[in-house]
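Next come two complexes built around subunit A: one with subunit B, the other with subunit C.
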Partner chain A sequence: MPSVTFDHVTKRFGDVVIVEDFNLEVADGELLVLVGGSGSGKSTLLRMVAGLESVTSGTIRIDDRDITHLAPRERDVAMVFQDYALYPHLTVRDNLSLGLKLRKVPKPEIARRVAWAAGMLGLEALLDRKPKQLSGGQRQRVAMGRAMVREPLVFLFDEPLSNLDAGLRAQMRIEIGGLQRRLNTTTIYVTHDQVEAMTLGDRIVVLANGTIQQVGRPIELYRDPVNRFVAGFIGSPPMNFIEGRLDRNGGAAFVADGVRVELGGEREPVPVAAPVTLGIRPEDISLVAAGMATSPVSGTVVLVERLGGTSHVHLDVGPNRLMAAVSQEQLPAVGERIEVYVPSARVHLFDAGGKCRTARP
Partner chain B sequence: MRAEARSGTLLSAPYVLFLLAFAAYPVAFALALVLMHWDLVTTPSFAGLDNVKLLATDTRFWQAVGNTFVFLGLHLPLQIVTALALAVALNRPMMFRAFWRAAFFLPVVISGAVVAILWNALYATDVGLINALLVKAGIAPVPWLTDPRVAMAAIAVMVTWKNVGFYVIIYLAGLQYIPRSCQEAIELDGATAWQRFRHLTLPLLLPQTILVLTLSTINGFQLFIEPYVMTGGGPLRRTFSVVLYMYTNAFSYQKMGYAATIGVALAMIIGTVVAIQRKVVGTAEAL
Partner chain C sequence: MSKFIRAILYVGLALAALTFIYPFLWMASSTLKPPGEVGSLALIPDRATLDNYRIMWGRAPFGRALLNSVLVASTVTIAVLIFGSITAYAMARLTFPGKRALNAATMAVLLVPGQLTLIPLYTLIVQLGWIDTYAALIVPYLFNATAILMLRQFFLQIPQSLIDSARMDGMGELRILFTIFWPLARPALAIVAIFTFMGSWNEVLWPLLVVRDQHIMTLPQLLTVFALGGGAGTLGVSLAAAMVLVVPVVAAYMFLQRYFIESMAGAGVKG
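What follows is the complex of A and B.
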């Protein structure tokens, strides 16, 4: 199983820098997820590995082989496109086998691999259909199959599920995860759906403006985001942010209009009164009966969304809007003034530059 | 409702009149002429099936049909291959692309007679540019329009040149519809440039190919101005096309009834050939 190494990779379109000094090693058999906002350079990175986009400087290697300047067909990578890119004039069977035919794989071997992929993906009954006669999920499977039969060194996925509806997306996400674990093929997976990122990735790379913000296991990024961008990007629903400052009268506390959160434990010192942003995840906030909280945050309920299992309670706290994700049955009414509990152990503090000052080392 | 129907009738009236005057009337007139003798001067007289019987045994007519098929046999493959190749070439990024596209389209809008005169000069055996180049390259000059074996081929080449720009536009439009991701997918699947063309571009252009084939077949059967201007149907009647023969009967021999019979026969031949082509090549629905 091969690894993929990005070594000081930079990509420019004209004068515009899209990816800057990108360094990363994707391990053998790893599923690495690339996430980031629209235009952050995810597709560009993937397409550079595929050879569909040139590299301005730096090198990309698969194992020890420098592939930076090889033609796409010499790289032995397979890609699943967002629009599937199935060949419209060919049947499912021919869609699967064309790549092997072009590489002069013997016929019995082609038949064997097509049968294997079709069996794994449940495509047996569809082999003689054209792409036009398939549903979105079936097309997605054919696209996967076309990548699988090639038995490539590396799989590349560019938002493969974004054209599917929510239910199918969840199902295909699970299938892709299962397949990748069984095949154990090194995979780079681009998405901006953070649920896909959290559930599929062995590691996640968060990208902004073509530079790496943080690399790590999903749970690390969730627990210890290194900056405000990652904190806001990973986790759903997204983290709440409150602008304020630190107050050291009688112990460190975060204060903002209507908010006072006592901060226990050892912290990297942040200068008092410097603008500080507090981050707290909706699922870490709990509703408490009035007068019960040790460091109360009080606000007015503006919206209650019941999702069945959990509910989202939105409140106005001074000029800030907070959202709590709670699982209790008893919920406050809109307009009610309530207190919420913000546990200091779950609080993230960000300095004026967005850097997280509470991250565990 | 009735007001709407009335305005519908009114709006379509000009087109209906146009159709009646310039399509239905001439067709009906030609069909009627098949059964007539008419010299353009005296009143037409009823001829029964005289014209049809004459046509069946007229070796000059059947020779013209054969000549036209020879022309099509050379012209159609040449036309499709050149249009396709040029379209693929012009679809790539290049300097002055708009200029090149316009340049290849220009002959389409030039009058056929002008093009024929121009190519007459190019094909001239002693002073023509083509033979001058051949001689420079150390090859013996070819009597393009006077050798019975090459005259029709020479005409096929120039007709192809004249019309290629039109068919290039049809193919260029088709190329726009080939998804970029499919081209990238086949590249990753291991295709060379030729394999990409063979396995993706060409099959996806089938609807355009059928259109180009049909249009150039219909157009090719009407071959007239080039032999009329350049060879007069010679040498040895080898370039005498069906339409040229029809024209000769109508305006040299004043046999309007017989000329109309040739025209109707030609229309039937065109219809049959196009129908056979569609059967063989398949229809665009196959995609």
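What follows is the complex of A and C.
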């Protein structure tokens, strides 16, 4: 099983820097997710591995083989595209086998691999259909099958689920995850959807403006985001942020209009009175019965969303809007003034540059 | 809409259709009429005869001219499709230095009327020693700016991911063009084919300049020489020759017309 190494990879279009000095090693059999907003450079990175985009400087290696300047067909990688990119005039069978025919794979071997992939993906009954006779999920499976039959060293997925509706997306996400584990093929998966990133990735790379913000296992990124961008990007619903400052009178505390959170434990020092942003995840906030608050954060309920299992309570705290995700049955009414508990152990503090000052090493 | 109004509408449309088709039907039927009947407006000849065709065939090498026309028009059409789509593919989907200039130059060619280039082109053909050869009829038409621009426009609409995917499957650019783009571009190719074929088939002016040998002449040229030169003698014979000229074009159109409606580009990507 091969690894993929990015060594000081940079991509520029004229003066515009798309990817800046990117260094990373994708381990054998790993599913690595590249996640970021549009323009973060994630698709460009994937296309550079595929050979569809040139590399301005740096090298990309698969194992010890430098593939930076090879043609796409010489790299032994297979890609699944966002719009599936099936050949419209060919049947499913021909779509699956074309890449093998071009590589002069013997006919019986092609038939064996097509049957294998079709069996794994449940495509047996569809082999003689054309792409336009298939549903979105079926087309997605054919696109995956086309990558599988090649038996490549590396799979590349470019936002493969973004054209599917929500239900199908969840189902296909599970299928892709299961398939990757069974095949154990090194995979790079690009998405803008943090739920896909969290559920699929062995590791996640969060990208912004062509640079790595953080690399780590999903739970590490969730628990210990290194900066405000990662904190806001990973986690659903997103983290709450409150602008304020530190107060050292009577123990370190974060203060903002209508908010005071006592900070216990060791904290990397932020100069007192410098602007600080507090981050707290909605699921870490709990509602407190009136008058029992130990942490004086109180606000007015502006919206209650009942999702069934959990509910989202939105409240105005001074000029800030907070959201708490709670699972209790008894919920406050809109307009009610309530108090919430913000546990100091779950608080993230970010300095003016967005860097997290509470990250555990 | 009431049935009455609808009926009137259809009668009107039928009359309009008849106005268009009558001259053609009249021409077709007149080729079968003996000389005394040709002047009549009736569509069914009283005494049908093939004499007009027989006389025409005997007086000038029309059979040979028909073959010449088929040879010239099909060679030109095939060349325009192949060279045109190769150029259009490069202009639409590849990046290379001078691409914008090439686009602009192709566009500029459309602005120059064909008649302007007749004289220089003629001089060139004379110097090449190509007078009275097929090369004179074919070579100047092998590339066509209109065809290139039409195909380029169509090729621009084909999703980039199909090209990416084909490249990863191991295809080179020519293979992508002929095995992926051609099947998807059938409507555009058919339109280009029929316009090119008709343009070449109906060309009279250029052959008149470069061909004097009756055996190299194309059908419309021979027909023009024949009818204007008084070789036909009677109107029926002239019409018979015109009929021979029209039939292949109509046949080609009927063969290709289904592609005009057929459009399948993009069916394999998200839908």
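Just so it is clear, the second predicted complex is superposed on the first by the 361 of 361 C-alpha atoms of A that agree within 3 Å, B and C clash if a C-alpha of one lies under 4 Å from a C-alpha of the other, contacts with A are read in each partner's own complex, and residues count from 1 in each chain.
Simple rule for what comes next: contacts are C-beta pairs under 8 Å (C-beta built on N, C-alpha and C of every residue); 3 or more make two chains touch, one makes a residue touch a chain.
Predicted, not measured: the structure shown is a model, and the values here were computed from it.
After superposition onto subunit A, the partners subunit B and subunit C occupy overlapping space and clash.
When both complexes are overlaid on chain A, the residue A:G136 reaches subunit C alone and has no touch with subunit B. Of the two partner chains placed by superposition, A:L121 touches none, neither subunit B nor subunit C. Of the two partner chains, neither subunit B nor subunit C is touched by A:V19. After overlaying the two complexes on the shared chain, residue contacts for A:N163 are found with subunit C alone; subunit B is out of touch.
In the superposition on chain A, contact is made by A:G99 with both subunit B and subunit C. Counting contacts as defined above, subunit A residues 50-52, 71-73, 77-79, 81-89, 98-99, 102-103, 130, 146 meet subunit B in one complex and subunit C in the other. If you check the complex, the residues on subunit C that touch subunit A are 159, 161-162, 164-171, 180, 183-184, 264-271.
If you check the complex, the residues on subunit A that touch subunit C are 47, 50-52, 71-73, 77-79, 81-89, 98-99, 102-103, 130-132, 136, 139, 146, 163.
Listing the residues of subunit B that touch subunit A in their complex gives 179, 181-182, 184-192, 195, 199-200, 203-204, 206, 287. Subunit A meets subunit B in the complex at residues 50-52, 71-73, 75, 77-79, 81-89, 98-99, 102-103, 130, 146, 150.
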